[in-house]
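Next up: the structures, one after another.
Okay, so subunit A shows up in both of these, paired with subunit B first and subunit C after.
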Partner chain A sequence: MISFWENLGHRATMLFLAFADTIAFSGRVFLRIFQRKTYSSAMREVLVNQIYFTSVQILPVFLLVSIVFGSLLIGIVFTLLKQFGLTDFIGHVLMGLIVTELAPFLTVLLITLRSSAAINTEMAVMKVNREIKTLETFRIDVIDYLLAPRVINGIISIVLLSSLCSIVLLVSGILFSRLIFGMGMDVYSKILLISTNFSDIVIALVKCGIFGFFITLIPIRFGLRASHELTSIPVAVSRGMVNVFSAILIIEVLSLVTKLF
Partner chain B sequence: MTQNYRLQAAPVSSDVPLISNQEAYLNIALIKAYHENMPMREARRLALELLDRLGLAHIALRRNPALTPEERFYVMLLRAAMVRDARILIDQPFKMIPQLKDFAPVMAALKKIDDLYFSCHIYDYSWMKEKYGGAGS
Partner chain C sequence: MSRDLKVGLFIGCTVVILIAALLYLATGKGVFEQTHTFTLSSRSGDGFAAGMPVVFSGFDIGKVAALELNDEGLVLIKIKIPDRHVKWIRSDSSFILYRPLIGSAQIVVSTVNLKSPPLAENQIPQVSIVNDINDAIARIEPVLEKVAQIAEHAERLTRNLSDPKGDLNRVLGNAEKITTNLASKKSLAEMAISDEESLRSLNDSLKKLKDITNNVDRLLIKVDKMADRTDEQLYGSEGALPQANVILKDMIGKLQKLDKTIDNINTISSDASAGTRDFEILRSDIDDLVDSLTDIVKKMEGLIGTRKNPEFKAP
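Moving on to the complex of A and B:
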């Protein structure tokens, strides 16, 4: 019995320490983003490349998924609203649920599956190949050169792609509001404007920024925890991805709690 | 003084590999772009010019796994030479280029880029002395 409590206590302590460690590390990276010396020309080159890989290369697939998934979602939601006689709430549902909740969530899932997994593997491979040691040997700060551009890219990409996804969803809304409710575009836009809550949009954008920060930072951190053996790569990647998804859920819950107050 | 040595140290060693997700010329350009904030376009041009000086311009766009041991060594050498007032430290060159018969080709390459570094030190086992033509200690 004592051993059970010991184990539980040990695990809880370890979990707390790991969480505190991640938060402290996040703070260091966050502060570094605001330091001018971080932005060397080498770092800026990495940043531009990262934005290209994360935001531009994904565009065709992202748009396709947004259109298909968005149209499906909007169609289902509008049909349900009509069935339950909740047509008056169409604007609130569009802005409060679809634009500020589902668009960021869909975006972060797609980017996590594509880019976070890639970043996690890239870092683990660099660690195994001793390339991280190379950077340190040549006095290249790993936070400045590897972390900061990827984290900034994460923030920029999620904010931009989430906004794009919201636009796609709202455009789908025009089509479905006409098909399901026989609503004209002028009425649709008026409903949207009335239902738009500035604070909700700010919360959604801040949430996107936080998503972007953590879905790049956590994979890097776990990637860098790989040892010098090839077998440590899959372990580092799977641990990193599990933690990224946990972080997404925690951020989502925290944003909902923030909205309540 | 020790601090300066530390800043000038520029190792060429199998323990300090090239960054594999970057092309050869970007590995060279990185040092100036990071430490001296040299615009990337200029750093790239310099890297290409130096590769050309060693007759290796054709490998500029190749990444680490696609390089032969000899090409990899020269890219590492150029990267080391990019450190300001570099004190190049070559660690067991014959281990890095197994097919190398004697040190003459490396000496020739070092001569071609002697304007780029402050000093060059080669570390190897004493039983390899013959391969260096008996020179050095």
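Moving on to the complex of A and C:
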């Protein structure tokens, strides 16, 4: 019985320490983002490459998925609104649910599945191959060279791609509002204007930034925790991805709580 | 195209689209529009909140910017109205805090005369309060009292149910006795009569009744057959009614002929009647003639009586 409580206490302490460690690490990386010396020419090159791989390369597929998924979603939501006689709430549903909630969520899911997993694996492989150690030997700041570009890329990519997804959804909304409700462009834009709250948009953008920060930082963190054995790579990747999805859910809940106040 | 250019184009275009969308929203929402601030007052700040909409004819024309408490204890409500909507706020406008039962509260502006002078920014009109919630509570209160009464009755009923000596339990006990009694008897009749001799008599009577019913059934079958036969005799092709029909038709034909005879008789009779009238005239003529003859005879007798050889010369 006592060993059970000891075990539980040990696990809780470890969890708390890991959480505190991650927050402290996040703070260090976050502060480094705002320091001028971080932005060396090598770092900028890495940043451009990261943005290219994360956003530009994926853009056609991302736009296609946004159009297909967004049109489907808006079509279903509009049809349901019409069936339940909730046409008056079309603007609030469009802005409050689809644009500020579902678009960031869809974007973060796609980027997490594609880029976070890649970053996590890349970091774990670098750790196994002792590349990190080599960088440190050459006195190259790992945070500046490896972490900061990836984290900044995460923030920029999620914010921009999420905004693009929202705009695609709004354009789909024009088409579906005409098809389902027979609504003109003027009426549609007026409804959107009435239903839009700038605070919601700001919260959505900040949320996207936080998503971008953590869906790159957590995989890096868990990738760097890999040992020097090849077998530690899948363990580090799976743990990192589980933690990334947990972080996404926590951020989503926190953003909803923020909206309540 | 270099990687740097692609990334630059992506960031540049997306940022431009994002800023354009935000600017469109900001312009549409009147963020860059000049606003006018008016101050309203109320005895209580209950129901007021910053950001609450100000509505004119069902349209949002502004919002509550801030709430303050002045030195006299009055609540000052600062409302911000964009330039394009300021024309609806006049010096005689009335401001009502409307708190619906469902939905958020709002300040409703109503202006009777739109030509009256604009409301001065230093003028502080008072806000009236319309509270659907209090009205609803006032209406619900009697209903709640009734519900309480019903609950009390329900409680009484449940108490009665739980009481072993209660009416319902007694009824249930009696029902149990009846069902037990019914279970020990062969039939309901046995339970109702309870005397075996009477039950046997009842059974015998029922058997006799059954025989009687059978006899009546048989009789009814016979009557039915008789009725069929009578029907055939009366209505059949050789039946009495068709023959009577033929006779009647014959009689009608004969009567029609008789009608003609009677008509002739009537004619004869009228002729005879006319003849009779002629006879009467003839008779009167004869009577007159006879009378004349009598007179003549009398005269002749007179003549004859006075003469020796009475001779009469006939004309």
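Going forward, the second predicted complex is superposed on the first by the 261 of 261 C-alpha atoms of A that agree within 3 Å, B and C clash if a C-alpha of one lies under 4 Å from a C-alpha of the other, contacts with A are read in each partner's own complex, and residues count from 1 in each chain.
One rule holds for everything that comes next: a contact is a pair of C-beta atoms (placed from the backbone, for glycine too) under 8 Å apart; a residue touches a chain by one contact, two chains touch by 3 or more.
Since the structure is predicted, the reported quantities are computational estimates derived from the model, not experimental observations.
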Is this a clash or a fit when subunit B and subunit C both end up on subunit A? fit
Which partner does A:Thr134 contact after superposing on A: first (subunit B), second (subunit C), both, neither? first
Could you say whether A:Lys82 touches subunit B, subunit C, both of them, or neither, answering first, second, both or neither? neither
Output check: A:Arg28 vs subunit B and subunit C. Expected answer is one of first, second, both, neither. What do you get? neither
Would you sort A:Ser40 into first (subunit B), second (subunit C), both or neither based on which partner it touches? first
Touching A:Arg11 in the superposition: subunit B (first), subunit C (second), both, neither? neither
Thinking of the overlay built on chain A, is A:Glu122 touched by subunit B (first), by subunit C (second), by both, or by neither? first
Pick one for A:Tyr145: touches subunit B only (first), subunit C only (second), both, or neither. first
Once the two complexes are aligned on their shared chain, state how close subunit B comes to subunit C by Cα atoms, in whole Å. 12
What residues on subunit C touch subunit A, complex-wise? 3-4, 6-7, 10-11, 14-15, 17-18, 21-22, 25-26, 28-29, 31, 60
Within their complex, subunit B touches subunit A through residues 7, 10-11, 15-21, 29-31, 33-35, 37-40, 43, 79, 83
Of all residues in subunit A, those that touch subunit C in their complex: 48-49, 51-52, 55-56, 59, 156, 160-161, 163-164, 167, 189, 192-194, 196, 198, 201
In the complex formed with subunit B, which residues of subunit A make contact? 40-45, 122, 125-126, 129-131, 133-135, 137-140, 144-145
